[in-house]
Every structure is written in C-alpha cells, then in structure tokens.
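Which chain is which? They are A, B, C and D, in the order written, and residues in each are numbered from 1.
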Amino acid sequence: MSRPEAWRRDAGAYPFTAEVQTRWADLDMLGHINNVSMAGLFEEGRGRFTSSLQMVRASRDVRWLIAGVSINYLAEGHHPQPVTIASGIGHIGTRSWTVFSAAFQNGVCVATCDTATVYTDKTGAVALPEEYVAKLAEFRIAVPE
Amino acid sequence: MSRPEAWRRDAGAYPFTAEVQTRWADLDMLGHINNVSMAGLFEEGRGRFTSSLQMVRASRDVRWLIAGVSINYLAEGHHPQPVTIASGIGHIGTRSWTVFSAAFQNGVCVATCDTATVYTDKTGAVALPEEYVAKLAEFRIAVPE
Amino acid sequence: MSRPEAWRRDAGAYPFTAEVQTRWADLDMLGHINNVSMAGLFEEGRGRFTSSLQMVRASRDVRWLIAGVSINYLAEGHHPQPVTIASGIGHIGTRSWTVFSAAFQNGVCVATCDTATVYTDKTGAVALPEEYVAKLAEFRIAVPE
Amino acid sequence: MSRPEAWRRDAGAYPFTAEVQTRWADLDMLGHINNVSMAGLFEEGRGRFTSSLQMVRASRDVRWLIAGVSINYLAEGHHPQPVTIASGIGHIGTRSWTVFSAAFQNGVCVATCDTATVYTDKTGAVALPEEYVAKLAEFRIAVPE
C-alpha cells in the first residue's frame, strides 16, 4: 500500500466523473465518512463509469468478478457534501482490467481506489472480448511518465 | 495489487480469529457476498482483534485513522455460512501499523486484507506510544522467509 | 404506531429465535444501534425464521414482496452484544402473511417488528398455496386475549 | 399496518422534498430497492428535512431518539433513478413528534413512512421546547378531512 502518486489526486487525469451523494449513514462514530462506506461510494461511482461503457455481456454466464480493491485514504470525508468520483482505465490485461478512481470533496482528493475486475464465464477467467479491449482502451488513463 | 503469498491463506499464520456472521444483506445481485460487504466483514473481524489488544487512547484527541485498505478476493463468499476472520500485526511503523487479515469459509481462504492505521492526535500523525509498540509486537505475524 | 402490548416483549411468546451478531458498523453517531440497522437485524432474524419453514416457491415467477414493516424502538441497542431475534406468524391472510418479531439484548426487549409479506406471481398478488397456509399456521403465535 | 390514505401518496401534500440518489448497493437479489435500503433512503430524506428546521439542541445531553418507524411499500423501487423523499410534520405531542414522508420515483409513490421521534435528555423523555413546537407547527401537514 504505497501512497498514490501526485497525478492520482488530479481530477483532470480521469476521463469520467460522477457526483455521488453521501448519506448520514455513511458516517461512523468518528463523525467522518467510514472507510467501508467510502468503498461503497467508490463502488457506486465506478459502477456509473462502467455502465457508461455499455460493454455487453455475451451471455448470462458472463460475470465480472472483483479480484482486488485497494484504497488509500488521504483526508477525512464529510457529509452532507457529495463526493465526485473520477474514474478511468488503468491496466488492461488478457482476462482482467483495472479501474483507477479518485474521490474528491470540495476539490480535495480524499481517497484513491484501484479495482481489478476479472472477466469470467462458467469455466472461470477467460480472455476479454476484443470489443472490451477496444472500449477499455478508449478510456485508458494517460499515466504520466 | 499483487496476489497474496501462500502463507496469507493459511489460518494458522494469524494469532487471532473471530467468527463473524454473514447476513443476507451482504449478498448482491450476483448472489455472493458483495466486495464492499466483505470489507465490512473484515472491519468487524479486525475490530474484534484490535479491541482485544486493549490499547488505551491517552485522550479524546487520539484517533486511529485508516490510511489504506487493500483486499484480494480469492473466491466467492456465501451466506448463511459465517466467515472466520483471522488477524495479526503485519508492519509496525513509527506512527502507524498494519493489520493483516484473511477471511475463511469452510476452511477456504476467500479473501485477504491489509489495513494501515495511523495514530493521530489533533496535531496530525504522531509517534506510537511505547505500550502500543510492545502490544502490537506481541501479535506480530511471523512472516515466512 | 401504538406501543406494543406486553406479550410482544416476552421472548416466550415466539416459536422461533435466532441469535444475530451486531456489527460496529450498526452503530451510528449516537453510539447506539441505528434504527435502520435494527431493521436490518430484524431482516436477518426474520429471514432465518422463514428459511426454516422451507416454503417452496412453485416457480421463478413467485416472489414474496414486503408490503409493510413497522418497528417500535423500546430501548437502545448496543454493540458488541448480539441480538436475539424471536419470530412467529401473526396474521395469515388470503394473499399475505405477517411475521411478528422482537429483538432482545441481555434479556431486555429493545424493539418489536411487524412485517407484512405479499405472495405474488407475474400477475401480481395471488392466493397463498394451501401448503403455505398450513405451514404458517404451525408457527402462529398464540396471541393472548 | 393499514394501507396509507390517498393523500399520503400525493407529493403536493408535503412541505419539503429532497432528491436522494439510489445506489446499486440498495438493490437486493430480487433486483429492486431492498426494503431496509428504502428505510435508509427515508432516513436520509427525513434527515435533510429536520436539518432544514435548524432546531437547536440545548445541550449535549439532548438527544432525539427514534421511537417508531412504520413503512408501507407500495411499488418496487429501482436504480439508478433517484427517489424524491417528501416530508412534513404529522403529529406534535408533548414530548415527541411524528414525521410523515413519502418516496417517489418517476412521479409514482413507491412507499410511505411514519417516524416518531422522542425528545430526551439524560433523565429520559422530556417536554418539547416551545421553539420546537412552533417550528414543527410551521411544517405541519394539513391532513385532509
């Protein structure tokens, strides 16, 4: 869990953003957005991003399974402000892809999230369809060198 | 997000375990334990571990803030089986520590979780009290070479 | 929302009980089990009750839809104590039934819950199968006069 | 749990509305907004209403405790559409008050909710301050005869 690089905290680095409302229930006894709730906010923002890609599931047997989620919490999140969840594609593998996201409140990056998703059918992980690769590539983040 | 090493999937590697019930509400539309819900199950199991350490907060201003959570999902989790959350101390830093956890269902490791916690007071991150370091060291996982 | 009658706070009145763990995440900023979280604890306990009845769904089109939930909060709930959720059948209607539940911590009733469920297929609400009526009748609570 | 009267399903009857986003996580395995999640959406909408009233807590010992929540589910709720939560004051008691709310999606009332809140200090339930009564009265729903 190394700290995120500076460009990960820049909303301009991401091709897609969604504003997600926080709820009072996202707060924990410390009075800030709970870390698991933040994972939920990322799930919602990331979901809106991947929905927007309209990647069709070839059959009912196709499932996208989350293989890994790694979140860095950089500042405390608050309610009732919404969070802006910015997302884009990080890595594109043979059978999986990674979404890079960052959450902002009042312009400050409060957390970053990497999510690895595996493409499966009933035999297990299988190769990404070409259309997926093409679509994911369109939304790939240009990682600064 | 590299895959966890083999020893991370061995319950015997961890000094503390807690059985945490799953709830029907932890399931998502894919019919398995949702990834955010699994983060919640880790929160509960890790919380029971850290509570068991009885590390006193010197004042109301002392807060433990989660700085990072990294989860690998290795197999689908199910309901109504409980999960066994095994935990121990990974790294001990100057102002933070890391808990390593793993979740088991029916003896199979379904996920691993690394959680970094920073020790803060109202000035920000500060040095861990000596008693903390001593207590954390007692529950340190002996990482195989 | 009239207050529950005395017998509703007596665990002995209910034919089924389930012990449901509370989670730290069930607490809200007031430091007690949040009222929505309590609704979730009732969902879990009630679900274990209705699962135990093994009432078969004749087809995929059959769905049980919750039509109403009414909860009285009688005392504050706490963590890490579990809650015991006691349940039984209240009313049995033509196309619906009501589960009466009560939640206990340390022997004290902290809340009661009435849940009305409607039996539906793709045409909407339909008559309860005879087997359902028979099974529900077995677990009917003997309401004191 | 009698069915709500017709006026309860009319957004125009309520003095306050809030648009609350739904989340994918609000869905359950039936593919609709889960009934407990709907309770959470009501909590959020009602919270925005009561926050808007700016009723000051005289001291830290003053707490508003939820005494009862009664929800009627009238139609299935969906995602990703937001819900509009309309709220107003129902009854004003000596030591408690009731908020009447209704949830709408695409103009259709999907659920109604009555929430009773008790005003307490460390001695238990106490009389509502006069300012509370005056403020609540301002937002009282004119119940049709």
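Simple rule for what comes next: a contact is a pair of C-beta atoms (placed from the backbone, for glycine too) under 8 Å apart; a residue touches a chain by one contact, two chains touch by 3 or more.
Keep in mind the model is a prediction, meaning the values are calculated, not measured.
**Q** Higher C-beta contact count, A-C or A-D?
**A** A-D
**Q** Give the label of the chain whose average Cα location is farthest from that of chain A.
**A** If we average the C-alpha coordinates per chain, C ends up farthest from chain A.
**Q** Could you state the distance in Å from the CA-based centre of chain A to that of chain B?
**A** The separation of the two C-alpha centroids amounts to 22 Å.
**Q** Would you mind pulling out the distance in Å between where the CA atoms of chain A average out and where those of chain D do?
**A** Each chain's C-alpha centroid was found; their separation is 32 Å.
**Q** Please work out the Cα centroid separation of chain A and chain C, and write it as a whole number of Å.
**A** 36
**Q** Please list all residues of chain B that touch 2 or more other chains.
**A** Chain B, residues with two or more chain partners: 25, 36, 40, 43.
**Q** In the complex of these two chains, what residues of chain A are touching chain B?
**A** Chain A residues touching chain B: 1, 30, 35-36, 39-40, 43, 63, 65-73, 76, 98, 114, 116.
**Q** Could you list, by residue number, the parts of chain A that touch chain C in their complex?
**A** Touch residues, chain A against chain C: 25, 27-29, 31, 34, 36.
**Q** Under the stated contact criterion, what part of chain D meets chain A in this complex?
**A** Residue list for chain D touching chain A: 20-21, 23-25, 40, 43-44, 47-48, 51, 80.
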